[in-house]
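Across the two complexes that follow, chain A remains constant while its partner is chain B and subsequently chain C.
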Partner chain A sequence: MVLLDIKNLTLEIDISSEWVKALDKINMVIHEGQIHALVGESGSGKSLIVKAIVGALPKRWRITADRMTWKGQNLLTMSAKARRKLIRKDISVIFQNPIESLDPSLTLGKQLKEMLPRDQLTKTWFWQRNDEKQALAIKLLHKVGIKNHQLCLASYPHQIANDVVQKFMIAMALASEPKLIIADDPTRGMEVTSKTQILKLLSRVNQVRGMSVLFVSHDLLAISSMASYMTVLYCGQTVESGDLKQLRKRAFHPYTQALLDSAPSFRKDLPPKSPLSSLDGTIPTLHHLPIGCRLGPRCPRARRECVETPQIRRVHTHFYSCHFPLHWDAK
Partner chain B sequence: MDLINVEALTFQNRTKSMWSKSKVTFDLGPVSFNVKSGETLAIVGNNSSGKSLLAKLLVGLETPKSGKIFMNGVELNKSNISVRCHDIRMIFQNSNDSLNPGLTLGSILEEPLRLNTKLNGQQRRSLIEQTLRQVGLMAEHQFFYRHMLSDGQRQRIALARALILNPKVIVADEPFAALDPSVRSQAVNLLMKLQRDLGLGFIFISHNLGIVRHISDKVIIMKDGKVVESGKTDAIFNWPKNEYTKKLVDSHQALINGQNNQR
Partner chain C sequence: MANVLLRYTNLVLVTLFILSLLSFLLAYLFPGQALENLTGLRLNELSELQNSQIKYSVDNNIFVQYWHYVGELFSGNWGVSFNTGLPLYEDVGRYLPASIELSSYALLLSFFIGLPLGFIAALRHHKLTDYSLLSVSLLGYSIPVFWLALIMILVFSLQLGWFPLSGRISLLFEIPSITGFILIDILLSDLIDKQSAFIDALRHLILPTVSIAVVTTTMIFRITRRSVIETLNSEFILAAYARGLTPTQVLMRHGVRNALIPILPLLAMQFPTLLTNAMIVESIFSWPGIGNWLIQAIYQQDYPAIRAGMLAVSVLVVIFTMSIDLIIRLTDPRRRRAERAAI
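Right after this comes the complex of A and B.
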């Protein structure tokens, strides 16, 4: 079943009296029980998509979409109150940078108890409620693998280690038993062992409870270890999307290939100390976006036609937008 | 001949209090290693395992409790601090924050030259332009400020600041962590090229085991201030002996192969 269906999502931001398309015709479909990865470098608009889904963007920015539905209900036309209610129930977001996104002046226990939805509480009398909330909170913490629950609940966000706070954020996201968890760069700046713990936790949540996960990151290693479907973003355009295995085996877009090549761990035949292949230049800022295909100036295969925005083409379940895709010359 | 040789370096962090006895809060265990010219040493470990502290001890930002650092066979101590400033340069974690926002990049690069060399203004300027070109920037970038550059370019400026004195050893604290994948491979390529051309010894700290495996000759694994294991990169990654190292390498391998095991 399709949970979230986004077609041609466009977001315009005004920068010094000029409207710039920060997101340009994004397409994304998330199915039930799927781990969907959203890959892109910084400034490619990953976090903007997350915020657009949950409706946390400033009102003066223009959001337009052909279709943006959650289980068939249109998210853009419903009232703000109804949307908030729906998202509270069905979607949880684990925001980037966990320590900064928690309230520094409340203990973690208070913040977690605040997240518990009212329909999970069964006891009616006021003297029973606090005990029940405490028990539920401890149960949640055990689920995500925090053993020392007393210490965790009683301390403030700055007092605990980074990876424990990340697990705590996942516990908070699980509290309302959502259908979709959006994890915005949950493994940034972690070393390998705690990174694998977080990844295992997310994939277990996906398998045991059948929750969908939208995994937003630029860490291809983490993505390829758990996700099944991948969407690649560049500068606010969807560049390629498809089954992860297929993408890794045969990427059509030069940018996807460059991303895959930039991780030396993927290539076993690579001799040590040999130069890595990379694209020239850097990601353009919003002020200086190139016209047409935004990869144009950095692309090794760019030709004159690339000043026009390429149409989205399709091969089975594999979508890409490029005039001169890789692996097509042979055919 | 070893370029840099470290013997049993230790460091202790104590809390100072007036009445009670001072307590040891952090203990960096005896660390010994050597780096030849053109070699790369990687330091890997958990958070708060003393990696950054070790880097600071090497460049002389902190004073070690005991132990010696030899540079080309000469011991480094207070009497030859200028040699150390000249020959060992550091790239700090987060290149963005380590550049002064109020100075042009030219004056940021000029500072080490003014302090450590006897060049006059003309020579300094030509050396700055030459170094900027060496790291793949333009000579005009010396009039820019920090905020006008992208992440990758800032990293290049941090590298240029380390290279400008023509050092023998570069110590880098997580030089690639803040960079995006496509820009990161540019930075890695640049460093390897400069190392090949200039014969630098390169000591770096990283979480990214893929890159460590790719560019380093030797690895030191640290945990809670102690060296757990050290040796050739190949040996450590293929035949780890220590329990902790095994865990690190296994979880890295699991990430790479995860796709095949799961489905």
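Right after this comes the complex of A and C.
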């Protein structure tokens, strides 16, 4: 069943009195029970997509989409109140910056209890409520592997180590028992052990409870260990999306290929001391976006036709948008 | 906690020591004899015996003199005024509460107006309400206090005759001074017509309070507005929205507290400005406060009075700002240390 269906999502940002397309015709479909990875360089607009989905963008920015639905309900046309209720119930976000996204002047316990939905509480009297909430909160913390719940609930966000706060954020995301968890770069700046713990936690949540996960990251190794489907983003455009195994075996878009090549752990045949491959140049700023395919100036296969935006092409479940795809001549 | 308390006490003590040292040195820096400036006594008017007794302790070196000076300060013997010959300690004790009373009412008034307006403007950021409030506040911010006070007198007491021109209370009432705060004193006193005295004191209060409060209100308004806008743009507010909380929930549970925390220390910084404005307004409204008294002392070159008045006012400012800082330091959860334990 399709949970989230996004077609041609475009976000325009007002930069010095000029409207710039920060997201240009994004397409993404998330199915139930799927771990969907969203990959891209920093500045490619991954977090903007997340914020556009949950509606946490400034009001003066323009969002348009051909389709942006949650289980068939249109997210863009529904009232703000209905959308908020839907998000409260079905979608949880784990933010990039766990400490920044928690209220610095409230204890973690209070913030976690705030997220517990009303219908999970069975007791009716207000003096019973608090005990029940406390019990539920402790249970949630145990689920994400925080053992010292007493200390954790009584602490303020800045008093706790980064990876523990990230686990706490996952507990907060689980509190409302959502259908979809959006993890926006949850392992940023973490060392390997805590990273694996977080990733394991997410995949366990996916397996045990059947929650879908939209995993936003640039860490290909982490993605390939858990995700089944991948969407590659470059500079606000979706360049390729498809089954992860297929993508790894046969990427059509030069950018996907470059991304995969840049991760040494994916290249078993890489001889020692050989130079690592990477695309020349950097991702363009929003002030200087190239026309047409935005990869154009950096693309090794770019030709004159690339100044026009390529149409989305499809091979089975594999979508890509490129005029001169890789592996195509051979076919 | 104890550590913080100790550090702040230390800081206050050191600051007070420096203040007392300065006030002692003022006696030497002012024209005339240091001894006269310190005590307020004219040496040639004293009897031979007293004169030699005082001279006896002056002949010691400066450190011994300072030691004596501090001892006298603590025993409440601050010298006498050149002009009136009254003891300064009692004078300051009588005039300072009047100033504190006036300033605190002005501060309260500006709190009750400035804070809500600041919140309203910030919640309507980039809208007409915000812009109009901001421009009105700019007007209030740039009006000189003495001019505003004069205009108020001109309009409300001379032309319209709504409020009395000057003073603290009508001369008809004789209020015994217990706390020094006139409204409290009236309530404590056993006058027959307490109520009319209270109303009369209030009518005297309104004009000076309002003229001080205008500037302070605009400052509080601007600080609040800035802080609320910053807080509402911070990441955890966006995150709270993204979790599906309603705007009211976000504002009440997460917005207000976090916006107020940075406001308080800035307000403590405004206290000296408030006191300065109060001094100017006092001398215009002939309010029997420390500012009026101090300005009179400056006019009449009453060096002992200047020294004592400055010491009293600066000690008040230091203790007030420090205690607000301390309260914030102790209550702000963001400054709390981490407990060392694994989770």
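Throughout what follows, the second predicted complex is superposed on the first by the 331 of 331 C-alpha atoms of A that agree within 3 Å, B and C clash if a C-alpha of one lies under 4 Å from a C-alpha of the other, contacts with A are read in each partner's own complex, and residues count from 1 in each chain.
Convention: a residue touches a chain if its C-beta (ideal position, glycine included) is under 8 Å from a C-beta of that chain, and two chains touch if they have at least 3 such contacts.
These figures come from a predicted structure and were not determined experimentally.
In the superposition on chain A, A:L151 contacts chain C only, with no contact to chain B. With both structures placed on the common chain, the touch criterion links A:Q73 to neither chain B nor chain C.
When the two complexes are overlaid on their common chain A, residue A:T64 makes contact with neither chain B nor chain C. After overlaying the two complexes on the shared chain, residue contacts for A:K245 are found with chain B alone; chain C is out of touch. In the superposition on chain A, A:A161 makes contact with both chain B and chain C.
In the superposition on chain A, A:S105 makes contact with chain C only, while chain B stays out of contact range. Shared-chain residue A:G55: touches chain C; no touch with chain B. Shared-chain residue A:F95: touches chain C; no touch with chain B. In the superposition on chain A, the residues of chain A touched by chain B in one structure and by chain C in the other are 161. In the complex of the two chains, the chain A residues touching chain C come out as 51, 54-56, 81, 84-89, 91-93, 95, 97, 100-107, 114-115, 146-148, 151-152, 155-156, 158-161, 164, 172, 176.
For chain C in complex with chain A, the touching residues are 234-236, 238-246, 253-254, 257-258, 261, 332-334, 336-339, 341-343. On the chain B side of its complex with chain A, the touching residues are 45-47, 150-153, 177, 180-186, 188-189, 192-193, 207, 209-211, 213-215, 233, 247-248, 251-252, 254-256, 258-259, 262-263. Taken in their complex, chain A has these residues touching chain B: 41-42, 161-162, 189-193, 195-196, 199, 203, 218, 220-222, 224-226, 228, 244-245, 248, 258-259, 261-266, 270, 272-273, 275-280, 282-283, 285.
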